[in-house]
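Let me give you the structure first, and then I'll get to my questions.
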Amino acid sequence: MKIESVKIFVSCPDRNFVTIKITSDEGVYGLGDATLNGRELAVATYIEEYCIPSLIGRDPFDTEDIWQYFYKGVYWRRGAVNMAAIGAIDIALWDLKAKALKVPLYQLLGGKSRQQVLTYCHAQGKTLPETMDAIRQKAELGYQAIRVQSGVPGMKSIYGIAKSSKGYEPAIKGNVPAEECWDTNKYLNFAPKLFAAVRKDFGEDLHFLHDSHHRLSPNEAARLAKELEPFHLFWMEDAVRGELQEAYRHIRKNSTTPLAIGEVFNTIYDCQTFITEQLVDYLRMSVPHTGGFTHMKKIAALAETYLVNMAPHGPSDISPIGIAANLHFSISINNFGIMEYMGHSDLTNEVFPHGYVLKEGSLYLDETPGLGVEYNEKLAEKYAYEKAFLPVNRKEDGTMFDW
Amino acid sequence: MKIESVKIFVSCPDRNFVTIKITSDEGVYGLGDATLNGRELAVATYIEEYCIPSLIGRDPFDTEDIWQYFYKGVYWRRGAVNMAAIGAIDIALWDLKAKALKVPLYQLLGGKSRQQVLTYCHAQGKTLPETMDAIRQKAELGYQAIRVQSGVPGMKSIYGIAKSSKGYEPAIKGNVPAEECWDTNKYLNFAPKLFAAVRKDFGEDLHFLHDSHHRLSPNEAARLAKELEPFHLFWMEDAVRGELQEAYRHIRKNSTTPLAIGEVFNTIYDCQTFITEQLVDYLRMSVPHTGGFTHMKKIAALAETYLVNMAPHGPSDISPIGIAANLHFSISINNFGIMEYMGHSDLTNEVFPHGYVLKEGSLYLDETPGLGVEYNEKLAEKYAYEKAFLPVNRKEDGTMFDW
Amino acid sequence: MKIESVKIFVSCPDRNFVTIKITSDEGVYGLGDATLNGRELAVATYIEEYCIPSLIGRDPFDTEDIWQYFYKGVYWRRGAVNMAAIGAIDIALWDLKAKALKVPLYQLLGGKSRQQVLTYCHAQGKTLPETMDAIRQKAELGYQAIRVQSGVPGMKSIYGIAKSSKGYEPAIKGNVPAEECWDTNKYLNFAPKLFAAVRKDFGEDLHFLHDSHHRLSPNEAARLAKELEPFHLFWMEDAVRGELQEAYRHIRKNSTTPLAIGEVFNTIYDCQTFITEQLVDYLRMSVPHTGGFTHMKKIAALAETYLVNMAPHGPSDISPIGIAANLHFSISINNFGIMEYMGHSDLTNEVFPHGYVLKEGSLYLDETPGLGVEYNEKLAEKYAYEKAFLPVNRKEDGTMFDW
Amino acid sequence: MKIESVKIFVSCPDRNFVTIKITSDEGVYGLGDATLNGRELAVATYIEEYCIPSLIGRDPFDTEDIWQYFYKGVYWRRGAVNMAAIGAIDIALWDLKAKALKVPLYQLLGGKSRQQVLTYCHAQGKTLPETMDAIRQKAELGYQAIRVQSGVPGMKSIYGIAKSSKGYEPAIKGNVPAEECWDTNKYLNFAPKLFAAVRKDFGEDLHFLHDSHHRLSPNEAARLAKELEPFHLFWMEDAVRGELQEAYRHIRKNSTTPLAIGEVFNTIYDCQTFITEQLVDYLRMSVPHTGGFTHMKKIAALAETYLVNMAPHGPSDISPIGIAANLHFSISINNFGIMEYMGHSDLTNEVFPHGYVLKEGSLYLDETPGLGVEYNEKLAEKYAYEKAFLPVNRKEDGTMFDW
């Protein structure tokens, strides 16, 4: 079999997605998710100009060789644009192979290690009462694990809190990123109160997660992790930005609150110290942003060796194709923890019809060969790309800060 | 002062270059080099779509804040595409500031630490005699430091060796990368003979450098470094690919051959272990690919503290603007080692008229305010972008390998 | 441009200051602060005898080369006398360069990273009620961050507590240092009570800082840091004297109270382990005592890489020139935390007229080229140097101890 | 007993010396050496203004308390100016105490551990033959240990080589330091040839030492140390500048050439990593520059624990008082290695009459109480201070470098 054509689609069915379609000379095709939130066209250009010509004529089953070709062959390795491109190609090739073999993709990854994939959802509110209501609604839907973010008294805007009632979507359409404002002190004082209230109302059985979104220093993170210990979080996420992996040593020495990181990572070298020193409990890398199944299976292997679990990132800017990739990955590995699932709008789901379904907080795959997701090209064409950005963030004194 | 317009130019005056021009409301402008060899349009798209709108209206003197804005603001940090974009913007802003203040750029970086910048050139041949001739020609031109690469008996193609007499240009025009073939064993057996012959003919005064181009394992590198010790290389470059920084510990324990790495690095986190554990002697990061002056000055500071010298990458795919950036950087820091300089074709030089000149193997800056390089937009327009790639590389058994 | 004259002024407008003035052959001049509290004339002699002759005739724009000349050229490197001399020269050269280029100095350091610089003030009292009153007064002035020191029951004198109502000035005029007396046990028992009371009265929004002034053992510091955790200090300062950097590992393993150190440090080698092992959260080195901008920018770069923030020392023995240097530094770097500001007497301010102003606990710079501080030589002449010392300290049993 | 007067003398009997004289109310006095080469008046001012008033009235036998008073009491600790002042005071107090007790000073340090103190002398020449001659002359004088420095072909000036026949004196009179020029490559190529020739001519019994004078990078030092291994140096000195103590790890892993460092160190914190990681074999700190006997005994204690030997610095800029201090120290400790002794001019010896004598390369102390050195104030007065500096050093490209 040979690759005959590769196409890139950029569309905006409520939000932007970049989709790759690889078709073989035998007419089998695979789909991949190349969306990089707020930098979509850079990835599209990267694939269009620099990857597609090299794909044509290759055997689509050679996933390892093709992965190495694009990873080593670029000379300028790593980075989100590069790895999202490789990830999309790798996902599409595995989808194609599974379709050609007429099996769900997970069968090629080692079969099922479990019947369904536990997810966590998001609950948030501008105030503590609103947040408690949101948790209650999610719990009533059967979720066993809920990420809780809350507006902080005295802070205008905060990560994770929707401005409208339409649900939270961090990317905002426009020509430049929105600027938010942040006060660590107010947040640190409030967060333990939030989870004291949450545990008081909801007892000890539900899993609660929390995201600090890379905004703490190692010591601030250690303080918060220590103060949250009594509330037994499922995890505290992205406590400190992750370029300096050893920065987590200090948090680890001072607390047993479980730690998670990884949604912005792209290669195994972004996390090998986190893993080998066991500085976190969960790695949150996603299949599409981390070079696809080929690379993620290796990361999962290293993590398993060091007793770390995988917990793929699953925001709305990962298309249903990417979500399905995370699902097939999650269902097949042994060291799976939990998977994030924000869901998508009806329109997004219409453009990406898929077989996976959510029941009581867990995702279930059907037996469709491949990923089990389609791409409605005709419908998608109606929704042209509209520039949108994740916000940037400043401290109250104007210092450019981590969003 | 406010930024009024930002333009991106992609042209191919013999080879591809991406150039950024930032102009203020007072009519002062700065130029930056955004060329990423073989991925040019990805960077151009990245800047065009995602950076320019955020630059308009900002104070161009706020280089630190703007750097942080694009580094932290992308959420998906690091990587060559991202950092080349930031680097081009940062260079252009410093060029603009120096022009506005009517001083050569190095004056804003701490003044001159030396009068000229020592460079090394490339000498290569398909055979040992050709290589010896090439060295002789370079030595006669007054070069004090020469990088020596030679064809290896039994190997068809090899990194660094020109196919034509026009001089070596690794990027080859076409729709897909060329594929080369590699045999580590033949190389390891030949390299010590090469340098034995070189030292025998040229004595001990000339500096010789050699590039293993990321193709050795840590232990192969240790073997070669050890066997090259008697020939006193100025450095052995890119012995092992650098994602796993600690991989160099083994080489370091076994040899005193000086080591250099960094031409594919983009941030301080790509090299902080190399520096703090002093695993290399020279860091070869370039100003345009590493986030510009703002970031490179910080890397140089870290390196100085740990007794490591800076030795910027200077191949032909860094435009005269990028070369000038490397020069102003190199002339201003104390811990400078040497700078690579491959030069450019006449046409490239015509499109980028510049004041720096090469004399006896050293580069000299003139006193023009800013970088001292112009961009001839009219002339450049005639030379449209032509896709070109660095080669990829396979081992003799077909294994996809490091180029 | 060439340096034509360099002058040293020693004067005592309420307290001693050493000021350097470097003038070029084009008539532009720069000012630097060479004050080393209690050792003023040693620095003045050092500059007068050993630095000025080497400065004459040099290009004042060569700040990096001149820095290296005095750092490496003395052979006997490091130490406060040496580094205060280099710091004063470096500040004056950057002031001169910025004046010559007609921009505020921060523009040469990367522009503004924020519009104003957050400061903390000092509140102290002989008794707990007096201390609470002092805090209240400062809070009413709009300060967001207040360093709290209090007399300890059973101890006669204590660091940081004024004897008169004129405000605290640690240096005392006379021929020999005053001797104070210290009881660690009384202090350790009292400090947690102090901050329990402070938080009870003032709530959780205000930032409180505390200075242990190098008087604790690592384990005593760990105990206190642990016991202060519930009161969420902004920082605990100078817990243990800093010559043995690794001494802070024990504190760090046992507490998440933020730590600060550095006001007596002079070079990057005094803190590189503090930074690379992230043993503190804030580095309190000041621009004048740490070799000036040239060296401090390098320290800030190292600290930024390791997620440590800069928080310059700003007592009354740093003249308005040194304060302005700290301000231009603080406003330009990204990893700024907070700056100490004790202010100066009216007479001091008259001798050093300056444009920076304090509003609601933050300092603002104006747009005057250079540092924005003048030195009134005529007025200063009237106030001759009067010897004054920081106190020394003994334990209750007479043991010579850390002040 | 009380201290009644303290005087500082600055004189230039062929070269500058700073001498302190502490006299008690019982008429006993002690002498100390406060010379800091090229910064003499800074130390003199420091003592005169800031130490003498605090000494008057104290019990001169309280050496430990007085040491702590000046070390801790300055607040700005460490540094050569500070520690040379403390060293001079401490030496004078011990001299006074020994005189009061009518015993040679070593008796108060633990008595004699040996009868004489092995020294090494300097042999140098502009060319290899001159150097060989110089060695021969020294060997004939009975020296068992000779430091060998030689002019390097192609380099104009080099550290350690006299320009005139009067013997080498690095400090040069004048208003600014001389500038030398350095080429590491030429030196590295030559040094092994030098010692091959030396061993060939002089056999294996003589001890040869060599000083790289802080001019090598860690890797260059490792190369040289490795290449010098066959010649069994007594030591290779000051291979790399010592601020970054861990820089010696790399040298140590690659060679068994013995290493020495320390002549520019002033406190135990300048060498505690060198000692505890056993990165060197000899510590070359001198009693006068390192805070006197009180501090040096503690350093020797730490070194003994880690099997490191003491080898005091003894150049001509340490006066006969300082040399005698080194001698009493060296004769009394167990972990003594060797002591440098350059000797002094006849005039210097006339101004500082002393009882120690050199015989066959070893120094012998007589039984005079105290240090056994006098200071001829009348004679000294005739020789007023003349400013002189150690040179500074630049690399051939103009880079300010380590001298």
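Which chain is which? They are A, B, C and D, in the order written, and residues in each are numbered from 1.
Here is the rule we go by: contacts are C-beta pairs under 8 Å (C-beta built on N, C-alpha and C of every residue); 3 or more make two chains touch, one makes a residue touch a chain.
Keep in mind that what you see is a predicted model, and the values were worked out from it rather than measured.
Of all chains, D has its CA centroid at the greatest distance from the CA centroid of chain A. Separating the CA-averaged centres of chain A and chain B is a span of 34 Å.
For the pair chain B and chain D, the distance between C-alpha centroids works out to 45 Å. Centre-to-centre spacing of chain A and chain D amounts to 63 Å, using the average Cα coordinate of each chain. In chain B, the positions touching at least two other chains are 65, 68, 113, 269, 272, 305, 334. If you sketch which chains touch which, the pattern fits none of the simple shapes: not an open path, not a single ring, not a star, and not all-to-all. Looking at which chains touch one another, you get A-B, A-C, B-C, B-D, C-D. On the chain C side of its complex with chain B, the touching residues are 59, 61-65, 67-68, 97, 101-103, 107-113, 268-269, 272, 276, 294, 297-299, 301-302, 304-305, 332-334. Contact residues on chain D toward chain B in their complex (touch as defined above): 154, 185-186, 188-189, 217-220, 222-223, 226, 240-241, 244, 246-247, 249-250, 253-254, 395, 397-400. Listing the residues of chain C that touch chain A in their complex gives 113-118, 204-205, 207, 229, 232, 252-253, 255-256, 258-259, 278, 281, 305-307, 309, 334, 336, 362. Taken in their complex, chain D has these residues touching chain C: 36-39, 41-46, 49-50, 53-54, 65, 68-69, 72-83, 175-177, 243-244, 264, 266-267, 269, 272, 289, 387, 389-390, 392-393, 400-403.
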